[in-house]
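The structure under discussion appears below in the form of structure tokens.
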Amino acid sequence: MSIAQSNKFGFTINRSRLIDYDSSDRKVREFITLKEPSFRLCFACGGCTATCTAGQHTSFNLRRMNTYIRRGEIEPLREEVKRCMLCGKCLLVCPRGVNTRNVVAAAADAIGKLERNEL
Amino acid sequence: MKTTSAHIVVAGGGVAGMEAAGTLAEMGYRVTMIEKDDEPGGHLLQWHALFPDRRPADEVRNYLRKHIEQRNLSIITGTTVEKIRHHGSGVLVSLSGGTEEKADAVIVATGFDLFDARRKEEYGYGIYDNVITSAELEGMFNRGRVAKADGSVPARIGLIHCVGSRDEKVNNNHCSKVCCVTAVKQAIEIRKMLPSCEVFCFYMDMRMYGPYYEELYRESQEFHNVNFIRGKVSEASVNINNRLVIKVEDTLAGRPLKMELDIMVLMVGMEMAGAGMKLAESSGMKRGINRFLETADHHYGNNLSGIKGIFYAGTCTAPMNITDTISHARAAVAETVRYLNSR
Amino acid sequence: MNSELFTLPFNLGLYFILIYSVVRSTVWFRNLSRSDKLRLQRGFFGRPFMDSLREISMESLLHLKIFRKNPVLGYMHMSLAFGWFLLIVFGTIEADFFGEKHLNPPSHAIFFRWFNPDHGAEGFAGIYSFWMDLLLAFILSGLLLAIIKRFTPRLMGMKKTTKHTWTDRIALTSLWLIFPSRLLAESFTCGVHGSGSFLTGNLGNALASFLPAADIAPWFWWLYSLSLGTFFFLLPVSRYFHIPVELFLIFMRNSGISTGDRHSSYTEVQTHACSSCGVCISTCQMSYAAGIHDIQSAYFIKGLRNDRDIAGITANCLMCGRCEEVCPVGIELGPMRLIERRQGERSDRTLKLQEKYSLMRRRSTLERRPTQSYRYLVREEPEKADVLFFAGCMTHLTPSVIVAMKKIMDSAGVRYRFMDENGGVCCGRPLMLAGRDREARELINHNSDVIWKSGAQILVTSCPICYKVFRESYYLEARVMHHSEFINLLIEEGSLRLGYLHKKVVYHDPCELGRGSGIYEEPRAVISYVAELQSSEQERNMSLCCGGSLGNLTLSSGKRAMIAADAARTLTLGLPDELITACPLCKKTFVQATETKVSDIAELVAAALPAPRRENAKKRPARRHSRATSNG
Amino acid sequence: MKPEGKKRIWAEYQKEIPDDHFFYVRSCIRQTFFAGSEQYFLKILRDDLGKDVFEDPRHTTCTGIGYHGDVVPFETIQAVVARHFALATEAGYRHIAISCVTSFGIYSEILETWKHFPETLERTREDLYKATGRTFEVPETISHTSDIIYKFRDQIARKAKYNLVDINTGKPLKVVEHIGCHYSKMFPKYGVGGAEFPHVLVGMVEAWGGDIIDYPERRHCCGFGFRQYLVQANRGYSLFASRKKFESMEPYRPDMIIANCPGCTMFMDRWQYTIREIDGITYGADGQGIPVLTYEEVAGLILGYNPWELGLQYHNVQSLPLLRRMGIKADPSERFLAKDGSRLPEPANLING
């Protein structure tokens, strides 16, 4: 946190890290589940993240992204979803047969729709 | 069959006790089964449907009831076994009424107690209206209606795994084995009964070790949209709308999570039964690290007490599901017969 | 009797369709890019025009392609198209030759019998009448087949046929009515006048013997004219519009115009040139192996034509390219789908331009989304190498292929650098297949930079997906080779000593390598060098897709498995010892689908390598590979 | 809510609170910021309840703030606490009454350590003797001063001149109770009612006629957290924690907050002002803030003492609306008048001054 806050106290109120499920936005989750029902099947093993091509270069983490979508946490998703290369390696390692590429594609579509207020 | 005149006391009339007693009686032995409640059946009496196939619990209950309807099997209900001591070549079994039974061997099948959820004070069981245990939820299924204390229909239910299991704070380091799959089963049943009700399982690990368990887990996600959040619920409170508010870390997101629930179901684990514990104290039976009865060998002496004429069956030795309990009881019968024949 | 009023529907329809065609063609022409306009203009005065005429007569009239594939279906199309064409040509000649004047309006040719009821009783005119009756019979036989096909498609070797819209139904009915009504109109007239040849004459006499033919005849002439008029009016809004449009398409194609990467007049012409014949449907593995019957190219094109929301159809395709191989009209179905998948990339500006100039306004499937960004990629400074080996993302999941390639290259003494040994950057093709060219460009730029900096002469890849994009979308100095090509080169150069394996193997052409890049011979040459190569029912350009395709975004794993199982079954009919493929994705997919051992071509070759001898390997001088040694 | 459930838990966590003869140790924060509270604790116990409370002027800080700020080692703080025990031993007292929750936590931590690791007790005896020449006996009991007020809550209620009741509506005041973390979260058995549902303040409020609000973030820390506050850059965490509590209690429209910890009382009061300055949000009815009172201040009001002598005017959130509701007549103009009539300095940052 930056100390050089412009108020008279020299500090401000920290932002919450809490996932407040009751006030979170679950429209993205609903959209993705509709477009790619296998999204439900993820049990967060992390195989996708371990094999991820983009993940060798950046913080992209599909397992975490799926978790965020399920919790309705959209903010971290906006940047995260852009990092995937759609190479499809994750598709081949998923033990639950989740159509991972389409999950990412649908997430990107959902974010686009969200920005245009179409969701 | 020179030993068929032998008399065997079975301490406990739950699944293990009934299976052991019935099998021994079938083989021609004289059997006395001691049950502390008014009716044999144990915890199974409360259950509505069984995992993983959700068959009615009645089917197994009926099998066991028929199994113990035998001429040479007598049942003493409302009674506990207080002490077992050696007497000649056999044993003398003291009962709570003050009477004694002479027997050639005893099978201890005192089973388990469900964890007393009040010991996890932070969950507010016994304080908040809509905090219930898995056994109470099963009761709701029996009555055919899942509802809040005020009778209204819940919109969101949370199932809290590992309540009283894998928890040093309540002195239980063991896994109760059956709660994970019970939670998944109950989650599916809730979703089927109340399709508009969201269901969340809060788990530390999903331990789906038995046949069809993992498949049930998958089914719950694929067809019933049951949600899973990996994290141990730390506390519950009630907000102004009288909804429960729980705090948990979503360990997969690495962030704390807050959620309102209408009903919070505590998946209570198994503990060594109090009655069994007293019997073990008085009769010199060793207990292991989690207070369950310690068997002579974990691999090949799993029904042996190490004391002549005393054998163990079922969940008095460790948490087990019904399938394993029945197998364990039959194995106890085999050990008992071997002992009687070798005398 | 001489009232010409009944010709009115025909005349109106005819002039409507002629004017419409001219206007539509003009619009299409105007919307072409400058270079395409130039191509078309040059083509009109050059060979392309003649080529087009030949193609039109071969395909649009004679339907030779369909004929070869299915003679009955071919005959049906030929009788209707070519028969009708001949009927018009000879009818016009007849009217001009035997009519009152020598240049007549079209209606005089079409309704010749009405205007000349006594004509053709004898002599040369009689022979001509006989010829005209023969043509009519030819057409009617085709029509009979068409009706049979409509109701029992299986008889014609068609598993599925396309569904019709209501305009299609009316157009179809009027089309079907044209020739029977002509037959009856001519017959009744001939019956009254005792003229006509074997068909119209005899039928006319028979009908006139018990019916008031003179009174009935005008009704059928009306019906004939109405059917023609209705058909002409509905033509632009029915599937039969493909008949005139196909002519235009053939000319455009022969002039060198291709699909490109966005919607244009050409894609529109292709859309309207589809006859909805349904050949693509029965060829589609998604249909017959996975039971998905609503996403095939015919439906895709139909959705485009009718401006439906086809986002789901567009995404749900393996992009294997088999339908394109069999399309009798030659529509570039793959590129067309990719254009649709790219919808999300369009900026507002290109959208507006498209809406302004194109008749195809496709707003319904529009999906704009945030663009991917790979700014996190760090520029690399690679070591110099003659040969650069890029295994590809998927190949990292089949490490045996990498081990085999290392062995082969070491054995041949190739000095190579393993570009993505520690995990590389995706080639960009999967993004392109998902319609995200702009993002793919970022990855292409990154990888190109590494390849250029390495100074490599040859870029070898084990993945056909990478191979295709390296060849088509990268600007490289290095020669791009799939490892099957490279191994073939090493064998031809004599730098690879291989034993013979005494195995029967079957080869599966990966979509991106075979149909996608036209590499059929090199893998076969390599395999034949080390083992006995069986042929398969479906190979080369008709090779099956393994089902694992990255081209499909939405297909479930279960459906993929069904396609894989079916393809593996077909491939292993000859009970081979091994199923050889040349793509890590195909390999991973087939391994789960068949009991037969599945290997990559590199693994097969590596197995044929002699046992390594230490000193030998050390002595062999490293070979330099340059453009000079290669044949490309 | 099932009251019998809570009663069962309370029954399980009953600690021994002595009846008389206390050795009093003060709190650094309270003697500075809530001097009236400590003063009136002594006054109520001595004058109203007739108890013997002994205070040795030689007693010092427990160094708890230094200890939790990682500058005072455990050995040192044991010696400091042992010195207080020595003073008590020398004065003949066996029961310690501790004014500060931080100190209380430290005393309990040290006593538990000595119990489980007797060698540390011996080491401390040695350290203290070497440093001061004093010896000591481990006290029989330690009580937080709120425990003592809790014990005598019914006696106070019997002497009450006012109740925690709104005189306009006749309804009980809605009170938020806040327990200092170090009171019982470390060792539930040291707190009345345990850690999850402590009874110490609930008992007082109920005995004096008020209603307790059970809001979701009841257990949450006020945010003081020593290092959170002591390091300026970390104060955002501290503020955030307090705000979380305020937002959670706000829907219940509480009339007041009662706290038993010096840090909590101070920060839940001060931060209301800071949050208003930073975010422009003022909690409480009509933007008046939620008054934060110590249990002695509440007890003093109940017993009819002058609010300005109790020191209520030195809170950022002024209590005038609360006093009006309780029917306590207090002249606002006398807030900053000393006994001799001279003017006391007026605090600058009052939320509803």
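Order of writing sets the labels: A, B, C and D. Residues in every chain begin at 1.
FYI, a residue touches a chain if its C-beta (ideal position, glycine included) is under 8 Å from a C-beta of that chain, and two chains touch if they have at least 3 such contacts.
Since this is a predicted model, take the numbers as computed values, not measurements.
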Quickly list, by label, the chains bordering both chain A and chain C. none
Of all chains shown, smallest offset between own Cα centre and global Cα centre goes to A
Intercentroid distance (Cα basis), chain B paired with chain A, Å: 40
Distance between the centres, which are taken as Cα means, of chain C and chain B, whole angstrom: 65
Distance in whole angstrom between the CA centres of chain C and chain D is 83
When the centre of a chain is set as the mean of its C-alpha atoms, what distance in Å lies between chain B and chain D? 46
Which pairs of chains touch one another in this structure? A-B, A-C, A-D, B-D
Touching chain A in the complex, chain D uses residues 232-237, 239-240, 243-244, 274-275, 277-279
Under the definition above, what is the set of chain B residues touching chain D in their complex? 118, 121-122, 124-129, 235, 237-240, 245
Contacting residues of chain B [partner chain A, same complex]: 206, 217-218, 221-222, 225, 227-228, 230, 250, 252-260
Which of the residues in chain A come into contact with chain D in the complex? 1, 3, 7-16
Residues of chain C that touch chain A when the two form their complex: 315, 344, 367-374, 376-378, 393-394, 396-397, 422-426, 428, 430-431, 434, 436, 443, 548, 550, 553-558, 585, 588
